[in-house]
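What follows is a set of structures for review.
What follows is chain A paired twice: with chain B in the first complex and chain C in the second.
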Partner chain A sequence: MARTISVEVVYRGIFQKTLAKNICRGIVLAARKEGKIGISFGRYGDSPERNGIPAKNFAIVAPNEEELQLSMAQYEPETTDVTISVDDMLCKGVESWAWYGLQPINQKVRDQGTLIVTSMLPAEALINFCHTKPTPYRLAVIPAIPSFSGLWVYKDDHTDVRILGALPKVCPELVSLDSIQKAIKEEWNDDLKVTSARRTYEHTATRTVRPGEGNPEVPFKFDLPGWTKMREGVTIDGIRLGEPIKFGDQIGGYRPARNPYFKKYTTRTMRPVIDFDKCIKCTLCWLQCPDSCFDVTPDQTYDLNAEACCGCGVCEAVCPVDNCVTMVNEAEFADNKSQWEAYKQDKQAYQAWVDEKLTHRPERSHGFRYRGQYQEQVAKQGVGPGGAE
Partner chain B sequence: MDPDSATAVRVAAAEQEALISGSEAVAVATRLADVDVLTAYPIRPYDTLMQYVAKQIANGEQDAEYIVAESEHSQFEIAKHAEAVGARAMCGSSGVGWCYAFEAIAVTPALRLPLVAMVGNRALDDPGAFGTEHNDALAARDLGWMHVWVDTAQEALDTTLMAYRVAEDRRVFLPCAISTDGAFLTHSQTLVKIPPQTWVDEFLPPYNRGDLRLHPDNPITIAPQVNEDWLMEIRRQTDEAMRNARGVIEEAYRDFRRIFGRGEGNPFFEEYRTEDAEVVLVGMGTLSMPVKVVIRKLREQGEKVGFVRVRWFRPFDHERLGALLSRFRAIGVIDRDFSMGSPFNSGVLANEIRATLYAQDRRPPVVSFIAGLGGREVTIPAVKEMIEQTRRAAAAGKAPADTQWIGVRA
Partner chain C sequence: MDAKLQVPTLDSPLPVLEPIKGVKKAPLEEYFTSGHRTCQGCESALVMKLMVKAAGPRTVVLGSTGCMYVANTTYYSTSWVVPWMHTQLGSSGSAAVGTAAGYRALMRKGKIKREPINVISFCGDGGGADMGLSAISGALQHMDYNHLILLYDNESYANTDIQASGSTPYGANTTFSPHGKAKRILHKRWKKNMAAMLAAGHPECRYVGTVCASYAVDFMNRIRKALSIGGPTFIHSLDPCPKGWDYDPMLSHELGELAVLAGIWPLFEVEQHQLRLYGKTRAIVEGRQKRLPVRDYLMKQGRFAHFTNDDIDYFQAKIDEMWTRWLIPGVLPFSTDVLNERPPA
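Take a look at the complex of A and B:
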């Protein structure tokens, strides 16, 4: 007898809210064509109306009502047959609120389950971002740039149907390609979308990720305190006074204490790179950063605390010096280490590093800055117009 | 001299008598308690408190920040924030004014701000109605506010001091609403004993918010975003504080008796002629007056009737009240409030009493009455009728299933 199958879509708040919903709706509607029953829902607690915040949507498909209820009785499934990451940078982990800790993107993927990622990066690069798992799983990469839109607008670039098309390939138990195509036709009445789904079905291949393959870091986590241990009065410690920064014999500047329970960096898709030699010490980045990410170095320049940065780009926008603070694609970074320390250790090497990073400025950002930017992107990156294959 | 008569002499010597209303008595208590911040927005009958405070300040008798806000919502918010920085505050309202502040009222308990507020009980403005009704305060009955109903101006003064002592106890840190019936208490002046400052100082320690005080030397964030991962624990903490309040109220009344020489009996409810009573009425607030008068008369005729006045509604002393009420043959509960569509179509108090009795082995019949809504008088014949109906229930061993409306035109 058929079993209940759980699919999870991990997406970015606001920018991909409609995308995630479309995918989950499509799964349930397609499964219905086969007489199955399903539910599509968002993780309510994520509050996905926050820019870029990692959030989750689920589709559960069951052979009958009783089986579905069995799974619905537990709001969020413990394991998934397929997890879909619609932004490859979410492979670095998911932290939607304080105290959640960092959840690996593949955390819920069951033994031999599948992780689908939309990305222009090769599978190997993505695996390096994903945390290791004790059980094997499969990875399917759908070549695409992240389909970011807004709260009120939806960018219909076929990312939704391309992912739907990949599903019967990686998980035939879930639904057949035929049903997926029927559901797409019914939902969108667009033959090109139906074709996109079929093409992706044909092109999708998986690669097994072995236990131990990937980022070996243990993701940070916290224990939620019980009511007898929690501070009363809905009160938490304010940000404590910080301390000076030491580097070799040099001591000075100021590093404030930061919220240890909410690091926020999984929200970002780009991060600032600082060219310390260009800095005129105007303080604007430090003043304007909405998350107080900058530390004052003993040189009186400003160093990024990359664990706290959500990648909003304000620092780049306010810096009065050209190419002094520059937003760079998050994919170019493997860790959250101090840029200023690297600079102090070897200025020449640092300059080379900066120059290299600056070649990876984000084409994608939170939304688009001018009309036609999206078309430019797809032309440059080799994905067909509208994202259709 | 035995200790009791020593206290009596001390009392007689030190207290001053004044002819003041219930609201004025609360105002005097805020002076004695050296309240730092008073926030106000006029609505009848609560405005009698703000008027008297203004007078005390103008006369140089009281030293406090007195802030007239632009609405009740702001009034309660300002008082809340004053409490957060460690200032003792007083606030209050009536009827729909209290309801307008509900957003602030609802979060005050979770933030553990020991704000004291006077509710001048008032109907919820079915066009313009301002007579007394308890639904205003009762709208906040489940949220973690302590609720106490007083029936004399003296009790209003004493209870205000008590409210600060209990609310500001670290084991509690919950807000407290003192309900005073509009007109009967807020607009009637009676002789009240005003205690000397030294007694009050001995009774009421300064408000010390400790590690929860919002101050540059104690950097904290109050009320950050909480979601489902936090809220249940926060509720449980508020629940624990309310449980603690029961013991703290006992302690406060014990200490009050020692220093002020009055306030005998159980703090949570007053018993009137219950010793050998067969039937009793139960109620809250100033309807105690006509009820007591009728009971005295019936007692003269040899009838075994009594009255139990619930003072602290939250926390509710279900254990002792249940044990007491289970002794009688029948109980009549008078609600000066309504709870449309509730079990037996009763008011709020009657169903609390029914629930309280459920844990008892002996459960006498409960007759529920709704009377005195919108400030209508609870008359002597009305009280007699309620006692008569309760007696019939005692004789039958069974109460009428439905709630009885008393004094309503058919």
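Take a look at the complex of A and C:
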């Protein structure tokens, strides 16, 4: 091998921190088996990580130390040979902690590079989420429910080793399956994990994504002020006050002004759907939302503003009415339009829309709910169709 | 004890903040809005929102280093509507006094209009219960200045990835106290009893209270009372933290309730020398509400996932002791018996 190969793992902060670390560490350990040298590191700008906010981890494998040093002089690789998205909803875009606006998931993937996604969705659905790219790249889907856990208890559902197993298939230059298996055996001393990796290697197939295929939207971005433009004392303007909502003849309620620079369109994996006919106007979803993402409508009901919702699910938890506020998989939404406006325009059509959405409740868990939960989930789901026999 | 506390001779006028009567009367306006970089289900962000919602537009907020500084005002953008300024980790107390004194002087000199301006200085448990304790103590002695110090307590240095603080509960997993095979429990300190310590230690202070944002109206009314009573005041809020406590973010609200219902987080206020338990804590003490077992609370959190039944029993025994043997149950941790219990680990 004569060139340096870069791999990035795009993941949900904290929830998938250990997972991303395991993958990048595994890559470097496997490369060592072949006499190559590598480094695994997290992106400085993503630290300190926040639950659910996208973050990145990198693995760089080089033929020799000089080449590695050369790549380490950069903050992060400019292009990657393989980008791994461990949550399929990141295909909609990456809004990092650090101030980058919205980056397409495939932004760094080089010409003919590979995007690996863990998802239960078909490749076509994922491509529709991904922004278009002028150069072709390949997509490999590893069938798995995106693996979420927390800081202290790791959900060991083999997602890490299955991704490691797929890597030699999509990028044989990086490392061989044999080295991956040796590294897994050494690191985890678990034959089942070695088998999982091999099975995923055997099952993984890629599909080429042509230039222009995917979501044609231009991702939102904004101008970053240089240090010369900063004011004395590094002061900035506060957010202005909110205003009542105008809709048709109605004026009333309240819509807070919001920070225009940090939106949460892709921070969530699920979002609330509101059945306005069931709402008893108890205010709790609005009052208890840490992100102030609800607008108070002129009807004194509460409308989700998708710009600000990070998908925590507290609104559903506090709502005293069954199926009034319900979390639904983010995959089921193609836009970020106001639900209340749709409701006002056509109540029957809205009700049908709500009923359809409610059939897509998230099967994933955002993390630890009770002791023993992960073991139960893994026992129920197995380690995936590509996993152990 | 019956003598009314001396009302401070105040140059700066006090705001009139009526209690909010029920969730439906909560003000619509947001003075801390969307677009902060906190975790999904961050209760501390909710604390910020409710704090300024209760305080209103004529409020200046000071924040010492911690999640609520880093996450809310990074990369040249903010989600604050009211003026906000950063202050150093241990100096929430000094910043509160300095700012209140500054406004008083400006008003006295006629440089700004004479009007009530709320000064709220917040700190995390690292900045407040550990590093800033002396500055807060100093601030609570200066009776001439009106301000509120709010301690948002997520029981660790969560911003820098969960190091143990003086507020971390017994046995919790942190990056400073990982559980292992040789030592299952590494963190053996019991949580600091901040609010009672400050109430007992600052006899002139007119208001000290504990709150939990799961009870939003009670929370906002405590803020209003503290801001309008005069002199320096202190409020301690328990904030479930999905990152450090390791739980599904949708449980944030529920864990706050469970902490109160299990008797782990007593809701009380000391208003002009008068101690009053309130909310569910009062219901528990008066027998209208059953105190829940701590197991319900502990087993929903990854930071306690390593607990054995013995550990849970020990935790329960300590909480029981708090309600049965403390001089003032839930508040003052003295008892007449000498206890020689040791942790089972």
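In this text, the second predicted complex is superposed on the first by the 360 of 389 C-alpha atoms of A that agree within 3 Å, B and C clash if a C-alpha of one lies under 4 Å from a C-alpha of the other, contacts with A are read in each partner's own complex, and residues count from 1 in each chain.
Everything that follows uses one rule, which is that contacts are C-beta pairs under 8 Å (C-beta built on N, C-alpha and C of every residue); 3 or more make two chains touch, one makes a residue touch a chain.
None of the values given here were measured: they were computed from a predicted structure.
**Q** Both complexes share chain A, so when I overlay them there, do chain B and chain C fit or clash?
**A** clash
**Q** Is A:Ser176 touching anything from chain B or chain C once the two structures are fitted on A? First, second, both or neither.
**A** A:Ser176 sits against neither chain B nor chain C.
**Q** Of the two partner chains, chain B (first) and chain C (second), which one does A:Gly238 touch, if any: first, second, both, or neither?
**A** both
**Q** Specify the partner with more touching residues on chain A, choosing between chain B and chain C.
**A** Looking at chain A, the partner in contact with more of its residues is C.
**Q** Pick one for A:Thr195: touches chain B only (first), chain C only (second), both, or neither.
**A** After superposing on A, A:Thr195 lies clear of both chain B and chain C.
**Q** Just to be sure I read the superposition right, which of the two partners does A:Trp99 touch: chain B = first, chain C = second, or both, or neither?
**A** Both chain B and chain C are touched by A:Trp99.
**Q** Is A:Pro225 touching the first partner chain B, the second partner chain C, both, or neither of them?
**A** So A:Pro225 meets both chain B and chain C here.
**Q** Touch test for A:Thr132: chain B only (first), chain C only (second), both, or neither?
**A** Neither chain B nor chain C is touched by A:Thr132.
**Q** With both complexes superposed on chain A, which partner does A:Asn336 reach: first (chain B), second (chain C), both or neither?
**A** neither
**Q** Once the two structures are fitted together, what part of chain A is touched by chain B and by chain C alike?
**A** Touching chain B in the first complex and chain C in the second, residues 47, 97, 99, 224-225, 230, 234, 236, 238-241 of chain A appear in both lists.
**Q** Going by the contact rule set out above, which residues of chain A touch chain B in the complex?
**A** 45, 47, 97, 99-100, 224-227, 230-241
**Q** Can you list the residues on chain A that touch chain C in the complex?
**A** 13-14, 47-53, 97-99, 149-153, 224-225, 230, 234, 236, 238-242, 253-254, 256-264, 267-268, 281-284, 287-293, 296, 305, 307-308, 310-314, 316-318, 327, 365-371
**Q** Enumerate the contact residues on chain B facing chain A in the complex.
**A** Against chain A, the touching part of chain B is residues 110-113, 173, 211-212, 219-224, 226-230, 232-234, 236-237, 240-241.
**Q** Show which residues of chain C lie in contact with chain A when the two form their complex.
**A** Spelled out, the residues of chain C in touch with chain A are 23-24, 26, 28-30, 32-43, 45-46, 49-50, 57, 70-71, 74-84, 159-162, 173, 213-214, 216, 242-244, 246-254, 299-303, 305.
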